[in-house]
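Scroll down for the structure; my scribbles are underneath it.
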Amino acid sequence: MFKPNVELSPPFDITRASHVRYLVSDLDESLRFYTEVLGFVLSDREGDVAYLRGIEEAAHHSVVLTKSSDAPAAECIGMRVRSEVDLHKARQHFLSVGGTAEFIERPFQGPTLLTTFGEGTPPVELVAGMPVLPRLLNNFPAQKGGRVLRLDHYQCVVPDVQTTAGKFMALGFRPSKYTTHADTGNLLAIFLSRKDNPHDLVMAQAAGPRLPHSAYVVSDFQAMFRAADIAGNLGYGRQVEHGPGRHGPPNGPFLYFRDPDGHRIEFILPPMQFIDPEDLPNTWDSNDAVSLVPWGGGPPQRWREEMTPFAGIESAGGTVARWTSMTETAAENSAN
Amino acid sequence: MFKPNVELSPPFDITRASHVRYLVSDLDESLRFYTEVLGFVLSDREGDVAYLRGIEEAAHHSVVLTKSSDAPAAECIGMRVRSEVDLHKARQHFLSVGGTAEFIERPFQGPTLLTTFGEGTPPVELVAGMPVLPRLLNNFPAQKGGRVLRLDHYQCVVPDVQTTAGKFMALGFRPSKYTTHADTGNLLAIFLSRKDNPHDLVMAQAAGPRLPHSAYVVSDFQAMFRAADIAGNLGYGRQVEHGPGRHGPPNGPFLYFRDPDGHRIEFILPPMQFIDPEDLPNTWDSNDAVSLVPWGGGPPQRWREEMTPFAGIESAGGTVARWTSMTETAAENSAN
Amino acid sequence: MFKPNVELSPPFDITRASHVRYLVSDLDESLRFYTEVLGFVLSDREGDVAYLRGIEEAAHHSVVLTKSSDAPAAECIGMRVRSEVDLHKARQHFLSVGGTAEFIERPFQGPTLLTTFGEGTPPVELVAGMPVLPRLLNNFPAQKGGRVLRLDHYQCVVPDVQTTAGKFMALGFRPSKYTTHADTGNLLAIFLSRKDNPHDLVMAQAAGPRLPHSAYVVSDFQAMFRAADIAGNLGYGRQVEHGPGRHGPPNGPFLYFRDPDGHRIEFILPPMQFIDPEDLPNTWDSNDAVSLVPWGGGPPQRWREEMTPFAGIESAGGTVARWTSMTETAAENSAN
Amino acid sequence: MFKPNVELSPPFDITRASHVRYLVSDLDESLRFYTEVLGFVLSDREGDVAYLRGIEEAAHHSVVLTKSSDAPAAECIGMRVRSEVDLHKARQHFLSVGGTAEFIERPFQGPTLLTTFGEGTPPVELVAGMPVLPRLLNNFPAQKGGRVLRLDHYQCVVPDVQTTAGKFMALGFRPSKYTTHADTGNLLAIFLSRKDNPHDLVMAQAAGPRLPHSAYVVSDFQAMFRAADIAGNLGYGRQVEHGPGRHGPPNGPFLYFRDPDGHRIEFILPPMQFIDPEDLPNTWDSNDAVSLVPWGGGPPQRWREEMTPFAGIESAGGTVARWTSMTETAAENSAN
């Protein structure tokens, strides 16, 4: 039986989703996709590692691509903390709850703490600051493709979402939306937020940990279409996987791409504001397709099944739960 | 072996696609869908017949809905001629080529000639004028749903598209795009135009005559999404069948709806101009999916198979040709 | 006392507004503005002459820029005719009504006839065809700035608009909108059309002939803003002269730019369709500002007064008539 | 000499701009404007007081309109605090710094503290919570006009902006942008933020306190135009005062309306994110028009001079400073 919780005095202060690290097989090809199609700006490239940011972002990077001969994977997801003091508090916290926490060196980042919450959870890199670069938001001639604005959130699947969500809520992550199993009342999927909109981290029940997508904000439908149109021109037309379409509240319009290694990037429009404590989380019936995707035929099968693994972590456990019933219904629609 | 042809001195002057007549099972339900979701304006309703126009249209109607206990069907597609004189010339033409042509009375229409081109062709109603009503294009508070602007074109499937297209080209319909069988060179699908854009009538090879869709123009992506969003609110979310997406040139963005009886309405954005005679038709490789749908997963199976029959006319003949290979490829994509 | 007229059997067949020829002082600077800001495509450049088209256009050019040490001016406006036969008919017509008509050589054009309608009228170049180049409509990476789609119409001022409009109506130009003097009933301003929308040539009463603007179609508000935004980036911010705003029907949203020589380019959104003969012209009260600009503060003074002259033709006559009352009211608004 | 400051441990926790209270002369007329044109939702009306919210807002109201026979004025601007505890801390703070702070009863609000910062500052109402109502964000048929999403910020002018800004920075308001006098280095205008974007309160130097505008977020250009278009239809066309246009970073597109009493409402598009502490405030040269309005002719004179007074507070002091030089330049442009 799940109960949402809001920890008003978290042990340290996470401010927002910060950056994701992907392993890719061909860095030039990936850069072509991220800059020409999606519209990321290359902040720096050092050897086999490229650092990219959205046109609105002053922080040095929100996606890091590293060439690797290993299978495509994510190294970790990143979260910003308010200041370096928070990293030391964080280290104490993780060690006290049986996780791991290690200060590491990362180029183009301030002090950084790599953490895990224990088995079945995604590795999270906490960072206290980044070099600041000029925003390209009003440098219109320099903008390309979908003119991606900024990172918004990640979606992770984990084998025991109720337990893992509890660990994040203890860090001050606030639920904006969730669904539970009709019989057991156990959590099946949840949207968690630190910044002033409904999502920094979305989690659902499935074999994991895996990373179904990272979500970035674009300005309007025109930007979504432009990215898809350029994807078509550059030979990535079939990597426009799902959408444009709409998610139910508190989300909005979406479009999903697969990058050249299959990592999934979601484009969303500017999310709604989510600040006031009396604004309680939405719940939805996990058997009700409409509340998640109010119109259209739903995602293709591969959208439901293919997800980025975390490097060096075997995906395990977690029967796929009823939160996917929507997509099953939708798939039936799209197949008849 | 197909050769495109442009008849510069047609026997009479067709100016544009004009209106479609659909039989529906529940007129109130259909009106709700056409006005609240798609944004049509009700021009008149007399008993079991309703006349609708887009917000840009001054002509009395571009879609006529008639309640019927028969199976859902289209009665005919309508074309405008320049003047009444053209109807008399048209009658002579149709009788001389072995078709039929009969003057009939239609409420809210000027002189009207109901014609057929012979077996396997759609019935076409030629009309010389309509009562004029106020445009609602700048009456913003009165606009609803997708704020549909105007009728653009029809798509028909016919069992012998090369022969049927020839009959329309003899009437001055001008090809803007077509594809032929890789081996025989026979026509498989063609876009034909009378007005100043690339399509009044699109035809493809399949058992027929049937009417896969009627296409209407909306102003921008926002209008497409608004219609889909309201469809979701009003319980028609699964009738947003395919899209938003993009067709290859000379077409553009699309979104397909199914009305409550399954009649398919396409929304398109304002088409390009197509006037100059030296502007030769595009051709495309019927085995090449990309040229028709440059990105995304392609239409669901039902989009390819379900089409409105014409009332009283049995669909026959016409093996489905390779112009559908695109959608087969797409369907594979969407199923893996 | 003005009476609109539609000549159904014109002496020859003009199909659409085709191209404008501007003299410019610095061709490189002008090309920067037309390609980077407005989004034109350079079709060809030969010495001091550059030929540009919109991304939708297959015809070789819709604007021709010629470097000249003379004061900035327009050489002529261009109109397309259906075929070369029409040019010979046109020559006979112009000579028979006391105008001039001379076949001339123009690079990248088919047979071309330069004509005048007599004193106080703009020179018009009739052309029977152009080389065809690839459309860039679906070549998204190649598109820049406002991604201008195509030429739509010209606005000319002439000292005796009623007489001049009569000459164009005799050629089959059809009025879609006009206003007359409240006391005399004489024509003050008129929108005339040959293609399937309400305007190829707009004319108003003022000292002339002069060319207030050429109007080009862009896809949506986003394209308008993008052009203005890039204008700001490239140092042309104050040349975004008026708008974005809305004109009353049958027009729509607008944005006016001044090119580096002060030639005025209007961006409009895709115009409505205008085909049916029973669709009579709108009239408006020339004392009523609202019907022309339904909201906002109206244009700046320079928008009303500064216009491109025609090369070698002295502007004369034509007291500025009440069709400008709107802009006077608006200017008062913007100044209080 | 101004120095920006960020107080990391403010005496109490303000979370965001919350609501504004306007006195209006005709409540029905004002409601027509706010609901039909701008798209606000009426949450409640009790006698002469109406409570409105944007379609995204769950909090009960973001604008309160009170019918009054007094001259049009604002009663106060409202700010949200995290919890009731913050109100008691706030009361202590205001009393300790020589201001006033009084708990008051407000319908449809939680505990509320009315405060002043001393002479020349706007009255601010702090509120710890509001009743929650359903969001209409995904109730598309219920949305009207510009479909205003939510309150974003206020602009106030005060006679001593440097002193007043200092008082707000002591409460944790963080500068995102400011300009100073070229000679003295004294503050002329500043953007201050509590929530995760660059502005909750913008202040500039002028006779005051007065309230030039309240700013609300809308989804896209289409929403801006729709509001303006409906304003035109409903007789408010000349109350579309300035725009659509663009402000320089960190702002974006804008459109200014005057309500029936002259209160000015700004529409903006979704603002950029502003969270990271290393993201230092922009500065701009107060003599440089371009940095504030990169393109277009600039605002009309009345935009610069007409502002809502605060009820019962006489506007005084404050020579209009050079931050308006932009608008002076722009006005010259628009008048030549």
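Letters are used for the chains, namely A, B, C and D, taken in the order the chains are written, and counting of residues starts over at 1 for each.
In the analysis below, a contact is a pair of C-beta atoms (placed from the backbone, for glycine too) under 8 Å apart; a residue touches a chain by one contact, two chains touch by 3 or more.
What you are looking at is a predicted structure, and each value in this text was computed from that prediction instead of being measured.
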| item | value |
| --- | --- |
| Partner chains that chain B and chain D have in common | A, C |
| Chain B-chain C separation of Cα centroids, rounded to whole Å | 33 |
| Whole-Å separation of chain centres (CA-atom averages), chain A against chain B | 42 |
| Residues of chain C engaged with two or more neighbouring chains | 138, 220-222, 229, 232-233, 294 |
| Graph class of chain-chain contacts, one of line, ring, star, complete, other | complete |
| Of chain C, residues touching chain D in the complex | 221-222, 225, 228-229, 231-233, 236-238, 240-242, 244, 246, 253, 290, 293-297, 300-302, 333-336 |
| Chain C - residues contacting chain A, complex | 36, 138-141, 220, 222, 226, 229-230, 232-234 |
| Complex interface listing, chain A residues touching chain D | 15-16, 56, 58-59, 80, 82-83, 129-130, 132, 135, 137-138, 149-150, 195-197, 219-221, 248-250, 252, 269-270, 272-273, 275-280, 294 |
